Amino acid sequence: MVTTDYEQTTAAEGYQVKLEVFEGPLDLLLFLIKKKKINIQDIPIAVITREYLDYLGRKDRINLDREAEFLLMAALLIYIKSQILLPREQPVEPEIDPRRELVDRLVDYQKIKAACAVLREKEDEMSQVWRRTALTGPLPEEDLDLIEVSLFELAESFFTMMKRREAEDRRVVKTKEISMAGKMDEIVALLRERDHLDFLDYLGAQETLEEALIAFFCLLELIKARLVVAMQEQLFHTITVWLRKDGPAKGNA
Amino acid sequence: MIDHLTEVLEALIFISVEPLTPAKIAEVLGDAVSAEEVEMALRDLVARYDAAESAVRVIPSAGGYVFSTKPGYDPYVRKLLQIERKKKLSAQALETLSAVAYHQPVTQAEISGIRGVDSTYALHTLLENKLIKIVGRKEAPGRPLVYRTTEKFLAYFGLNAIEDLPSEEELKKLMQDENA
Amino acid sequence: MIDHLTEVLEALIFISVEPLTPAKIAEVLGDAVSAEEVEMALRDLVARYDAAESAVRVIPSAGGYVFSTKPGYDPYVRKLLQIERKKKLSAQALETLSAVAYHQPVTQAEISGIRGVDSTYALHTLLENKLIKIVGRKEAPGRPLVYRTTEKFLAYFGLNAIEDLPSEEELKKLMQDENA
C-alpha cells in the first residue's frame, strides 16, 4: 500500500501548523500568484521566476518525487523570460505573448483546483451517509458471484489468468518448450494429411505465445532442412506451407 | 439512554450484511442502553414497518433482525433479479470472454486449456449474451467449433476494433507503480 | 395501472444495491404504467421517507434511486462495521479525478499536461476504485487509451448526473470569491 502524500504531510507534522507541500509546479505557481497578489493575465515573469527558483532551491515545500517536473517548469519560465527580454521593433501582440500558453494552463488548472474543493466537500457530506454494499435477506445464491465489468477488468482478467496459468503449469509448458521435435512431427503430419497449411492460422491456434514461437522456429528448421516449402505472396500476408515432393522428405519416406 | 434508539437500530439493521443479533447491538451501543430497552425498541421498529404503507419490513431471522420485502411484491422483485442476472457477467464468464478476446479465433478445448478449467458452460453463457459467436470449424481432429468475439462485444467495451484491446504492456504500465 | 405503485418501486429500489434507473423500472413494469406515473410515485416515495421518523431514506443518485442512511447515524454504523473513518481520496487522486471529470473523454497524456505532473499512478488508482473507466482509444499517434468517469463516480459524490458538477461559470465565481 502506497501512502498518499496527503497523509504523509499530516503524519510528519503532527499537531503543528501544517505547511502546504506543493504537489506539482502548477500548484506552486498558483500559490505564488496569490501570495504576490498578481493578476494571472499579466504575470511579471521575472518576479515569479525568481520566487519559483527560490522555493525550488529550498526543497522543503515541494514534493521531491516530482522534482523533475518542477525543474521542467523552471526551464520553461526562464525560456519565457528570455523571449520577453528579446529586443523587438513593435510591442508584443496578446496572441503571440510568450506567456500566453502558460497563463491558459494556469487558468485551467485553477478551475480544476476549484472543482477539487467542491468535490471534497461533497465527499465529506457523503461520508456521513451509508449505502448497503450487499443485500441481506433471502436472495438466489447464484447472484453472489456476479459483477459489473469494464474493459480494464477484461484485460486485467486475461493477463492475471495467464500469469496464474504460467505459474501453474510451468512444468507442462517446459516440456512443450523442449519438444521441438514433437512440434516438427506435428507440422509434418498435418501437411501429409491435408497437402498445405495456412501458417498464420496455425500459429494463432497455439495455446501460448511460447508455443507459437516454437512452432515458428520449427517452420524455419523445416525450411532449412528442405523438408517443406513456404510461400508468402505479399508482405504481411499469410504464409502457405507445403511438403517438398522432391526433397529429403521423400527420401526419408 | 440513547436518543432515537429505534432509528439507530433501524440504521444498523439496514447496513448490516448479516442478520443483526442482540450481541452485535450490545457491542455497538455498549452500556448506554439496557437489553430491555433494546428489545422494546426492536419490537417498536418491527411494528412500525408492519403498520406502515411500505413494501419493506423488519423480520427476526437467524437469531437477529433483517430487512426484507413484504411477500406481495415478490413477482416484481423476481423479475428485476432476473433482468439483473442477464445483464451481468460472472467472474467465470469474464475470464472466458477475455481468453476468447485475446486468443481468437479459438476452440472450446483451447479456451479450457488456457484457463485450466472446463469452459463449456461459460462459453454457452457468452453465446447466449451474444458477446461471442461461432465462426466455423477448425481443421483439426473432431473439427471443433471456432469462436470469435462479436460486434456487440466491441460496443459493450467501447472498442472500435479488436486491435484496440489494451496490450499487456499498457496494462503493466498502469500497474507498475503499484509494486514500486 | 399498477396498484400500490409507490410500494412496488420501494421494493424494487430496496433490492437494488446500485441506484435503480427509470430504464430498469420500465423493463420490470412494462407497459402497465407511464413514465409520468413512475416519476410521480418516485417523488412521493422520496418525500415519504424524508418526512418519516426513519433512519433511512431514498435518494436520487447517478441517474437512479437508492436507499441510504440519513446523516447522523454515521458513528453507530462505523462502530458496527469497525471502520475508523471512511477512506477519502488522496489529494493526487482527487485532482486527477476532477481533471477527468471536466475534460472527458481524455487521455493519460492530456491529464498529465493539465496537472503538470505524471498521472499514470493516480489514474490506475481511480480505475481500480472504478471511479473512472477506459472507454476506447483516441485516433491519434500511439492510439492512447481514453478515460471517462463512471456511474460510481456520480454516486460517490452524491451527484445525479455529470451536469450536476459546478459549471465553468460557477467555478470562476468560486475562484473570485477565494481571491477576494
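Letters A, B and C mark the chains as written, and numbering starts fresh at 1 in each.
Following the convention adopted for this analysis, a contact is a pair of C-beta atoms (placed from the backbone, for glycine too) under 8 Å apart; a residue touches a chain by one contact, two chains touch by 3 or more.
In this text the structure is predicted, and so the values were computed from the model without any measurement.
The most distant chain from chain B, with centres taken as the mean of CA atoms, is A. Counting C-beta pairs in contact, the chain pair with the largest number is A-C. Work out the mean CA point of chain A and of chain C, and you get 26 Å between them. If each chain is reduced to the centroid of its CA atoms, chain A and chain B end up 29 Å from each other. In whole angstrom, the spacing between the mean C-alpha positions of chain B and chain C is 19. The set of chain A residues touching two or more other chains comprises 2, 130, 132-134, 139, 150-152. Among all residues of chain C, those that touch two or more other chains are 15, 67, 69-70, 73, 77, 121, 127, 134-136. Of all residues in chain A, those touching chain C in their complex are 2, 4-7, 23-27, 34, 66, 69, 73, 105, 108-120, 122-123, 125-135, 139, 150-152.
Touching chain A in their complex are the following residues of chain C: 15, 17, 66-74, 77, 85-86, 88-95, 97-99, 101-102, 113-118, 121, 127, 130, 133-136, 150, 155-159, 165-166, 168, 171-172, 174-175, 178-179.
Against chain B, in their complex, chain C makes its touches with residues 4, 7-8, 10-12, 14-16, 20, 24, 27-29, 52-56, 67, 69-70, 73, 76-77, 79-81, 120-121, 123-124, 127, 134-137, 143, 145.
Across the complex, chain B is touched by residues 2, 130, 132-134, 136-140, 142-143, 145-159, 161-162, 165, 168-169, 194, 204-205, 207-208 of chain A.
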